[in-house]
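One chain, subunit A, appears in both complexes that follow, with subunit B as partner in the first and subunit C in the second.
After this line comes the complex of A and B, so read on.
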């Protein structure tokens, strides 16, 4: 019903500024697709092209199997929720909700039924007679959602809808939107710069940077197997740690050399062929904070890094520790039930869970794991 | 030590008042005194009958009675408002269209800065010079008639024709003021949140419907402002018809405005009647100004409440 396909889509603004390059994406019907990326990566432009607010410079855009490059926004049958809500300031909430239906010349009693139904779902019944300026941020947000809902559109487009809400409201609205998606069973395309929103809401995530797609996948895939260093660093908080290293081989054992330390690599995780091709070369080791392990025994071991604790943040269930390793910052996340307590300036020895580490090519920044799986994909870059 | 410190401290309040003196002097001499003397004079019989000076005698509201019920004022008020409306309607329509064109990024208009300057230009020319230009152009032996004759047309005596004279005055007012109105409306249109217009497009509104349901209501305060200031300007219409018709008010005083009538009384040194007429116009203008003030204040206060409400909600949650 509401699938959206973008085929080799490019967007170049007057003056030659490339906003979106070679964008290929299939958004399935009823899917919750999140486009995430830092500001200026072109994610909003993609959404606005789907909405028809921006022209597609080249490429093809299909909604529901129909080529819509030249179709006006009002004929695309999509609804959009704007970042600043974009409510009609001179209309009451009721009229804001009813506007799209009024334009379609829907009978009055049906409009009334739909508006009241939507208001009931979104708990806006008491404020139907108010104008937007008399609403709280959360209420405005819900009116904006409601305005999209009354229409029963092919797809919902949401452009950073939560960024104007305070933290608490944001979390609860996030859940509301997920529930709404389950209930409406409509395609959602959601743009955000917040990877937490992306991870918690999406069926699939598109990670964008500088107008290019870096990876498409479900949240778990992106977390477990980031395609490159950008995705690895962007997804997950605190960020993944990147440590420069060199790949060596001792008889049959592959290990990473970081100064005097030697971190053994599990051959189950990385294929022998790939490792062989990088032998002796510089790599970047990627470790997520929760995959750092503190070594408590006092024996001298080669597979540990000796570092200093700088700051401890107690989060209740866990402790986030900022560690200084020879001038390089490493962030680690430990369970708070660990036996010893940690203080700033303490000496600490750490190692990494061997089957959780990531390795990246220093030049291309592409994951060695991806090299194994996505040889063809790399060529398309 | 103490002395030097004292010398350095400056009473800014004192100097503030000193700097304000010139303004208040000029304001009192050229505004306050004339206003009060106008009020004062409007209650006196004071004119020349032939060579005999009559008055000044206190007559109460007699002058007001004469002006309102026993003069040609209704006729001149009709002239004034008619000419104003004929000029205002094209002014607001053309200005609206231009404002929408100039603010529409999708049209990719070029040289908008140039056009904005050009349409504003007539406003910078002195009304007297502009009127002289039109008088010369449309006079019986002017270039327009020369052109008409050259085209094999009968010459037209523009200033003998009621509609032509009124039309020319309206046209000049339109030309002088549509640039100004365009700039004001543009400011209004640019103040509308772009995403609200986009939301309307996505909601299914055509360009016309977007304009009618979103743009127009959003700039309503500015349209009211333009309407009322133009009306006040219209009531005070004087220089253009005065010079175009050489003070006569056109064929059979059909283009004589209220202020021209006032001027006639002043010219004949009938200060009582002139004063009464001034006061009446002053009251009408004051009422209109008050409406503008209310209109603008309402907008401000609604904005205030929105801000304070947001602050309260933000604090509460």
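After this line comes the complex of A and C, so read on.
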């Protein structure tokens, strides 16, 4: 109960503005799906189409195996939590929670039982008689969640529910929502622009940009094997470093040429066929900050880059170092035991963990790690 | 420091003078309703007379003046006008604010254009039309046109734009509410302050309306208060009694004051506060 399928869904607004293009996605029952992307990428539009608040221009939308393109929101049996809470201002918290049930003509004592049960779970018992204006931001957010919960809907749609909360509250509410999902065992579709939320909460993540899906996968997949440079740069903080390079071959050894330096490529990571096809071509090297290694040997080595420390940020357990390499910024993350000896303007030599590097086609921005099937899909748009 | 005090003093002085100017006519009305015709003709007095009860008896006992019926008629017309004007204006504003439909802009422009036309211009046509509908000498033409009140609509529209978040309507839809139910259960309560303001205005203007009723109403038992007041004032020389005129006007303003007191408690700022986070 509660799977959602979007098939070739497009959304074009009057005036020809394309919000969502060729959207194909299967959200499984009880899954926590997060749609993430920069603002204006169409993620909220997708959610509103699932809710029925926006019409689908073309394509098919199924909820529970039933085609719902023409079904009104109130008949879809899904609940939505809005970014700005959208509580009914003239009703008390109790009535806000009970509203949907009253409309469904649920018996009074059952409404009372459900509202009190929900209020207990969300710790709202104290404020049941208050109106929204007398609530704190966190409480309002919980009322908005509660209003969705009392109905036992087939799916929850959450539209950036945490973006109006302060940092501390956001972290705790995040955990609350994860717990809630485990407890309710219902499908959750969660829209956010914050990749940290996406990574921490999701079973699977959809990364969107300009109305297109760029990648769908579980958080680990997205982190380990981003499909293209956009996903690679969007997922993970600090973000992945991109360094222009050229692929070369010396006898049997493949290496990347960055100025005078030569970074040897592990053949375990990239297949020989793929590497051969890019020989001599320009590529983009992608390295996550934690995959940068400082080389302390005193003798000059060819496989290192010589760079200068610009800023050090001490985070406690680790240290984030902003490095200047010939005018290009590189961000590295080192263990904190290194912090005592590193300071701005120091000269350091860095290299990359060979098994952790990513390579992207300079033109299409697609990862060389991406498999053939994905590649064809990419070409289709 | 002293300059600021002088400034403040001047401000208050002007405000007090303006208040006196506004309230003086009410004072005059109340004083004169307690005085006899002959006393009133002698000139103004600051103190009350002792003809209040006599004037009241004269007005209520005047066989040519159906005062009680007049008050009843005026109440029917004014209350219905206020209800119809506010309800249907909010309904119109809601549909134009929330829905996207073809010719929406044209509809809005058209309503705005109607607003520009003064009622006097269309009065003649209106009366002839009512004649054809056989509604002359009926109360219906006095309150029914309030259904289409462009000015009230415009006010509601402006209030809605800043006070009714679309997300609340969408939330109600998701909760399973039909559009009409959403309007009655969610939109109307949020619009309460605006409705109160416009209900007062519509009530007062309908209560004071002399022009249209004078063209429509013929029989004595359908006359509204403004017509009766005019009738009393134009009485012939022998019967003319200023005391009665002032008494009737005094009676006529009481309902307005009551309506204002009842509705003003709804005019509270920011009913929608706390609904959505801006």
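Everything below uses one rule, namely that the second predicted complex is superposed on the first by the 368 of 381 C-alpha atoms of A that agree within 3 Å, B and C clash if a C-alpha of one lies under 4 Å from a C-alpha of the other, contacts with A are read in each partner's own complex, and residues count from 1 in each chain.
Following the convention adopted for this analysis, contacts are C-beta pairs under 8 Å (C-beta built on N, C-alpha and C of every residue); 3 or more make two chains touch, one makes a residue touch a chain.
Remember, predicted model here, so these are calculated numbers, not experimental data.
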Room on subunit A for both subunit B and subunit C (clash or fit):
clash
Have a look at where A:84 lands relative to subunit B and subunit C in the superposition and call it first, second, both or neither.
both
Thinking of the overlay built on chain A, is A:138 touched by subunit B (first), by subunit C (second), by both, or by neither?
first
Is A:38 touching anything from subunit B or subunit C once the two structures are fitted on A? First, second, both or neither.
neither
Touch check for A:164: first (subunit B), second (subunit C), both, or neither?
second
Is A:354 in contact with subunit B, with subunit C, with both, or with neither (first, second, both, neither)?
neither
So in the superposed three-chain picture, is A:238 touching just subunit B, just subunit C, both, or none of them (first/second/both/neither)?
neither
Do subunit B and subunit C land on any of the same subunit A residues, and which?
14, 51-53, 72-74, 78-80, 82-84, 86-90, 99-100, 103-104, 133-134, 137, 147, 151
In the complex formed with subunit A, which residues of subunit B make contact?
108, 193, 195-196, 198-206, 209, 213-214, 217-218, 220, 302-303, 305-306, 309-310, 313-314, 317
Over in the complex, which subunit A residues touch subunit B? Could you list them?
14, 51-53, 72-74, 78-80, 82-84, 86-91, 99-100, 103-104, 133-134, 136-138, 147, 151, 166, 168-169
In the complex, go through subunit C and note every residue touching subunit A.
100, 165, 167-168, 170-178, 181, 186, 189-190, 192, 270-278
Residues on subunit A engaged by subunit C in the complex (per definition of touch)
14, 51-53, 72-74, 78-80, 82-90, 99-100, 103-104, 131-135, 137, 140, 147, 151, 164
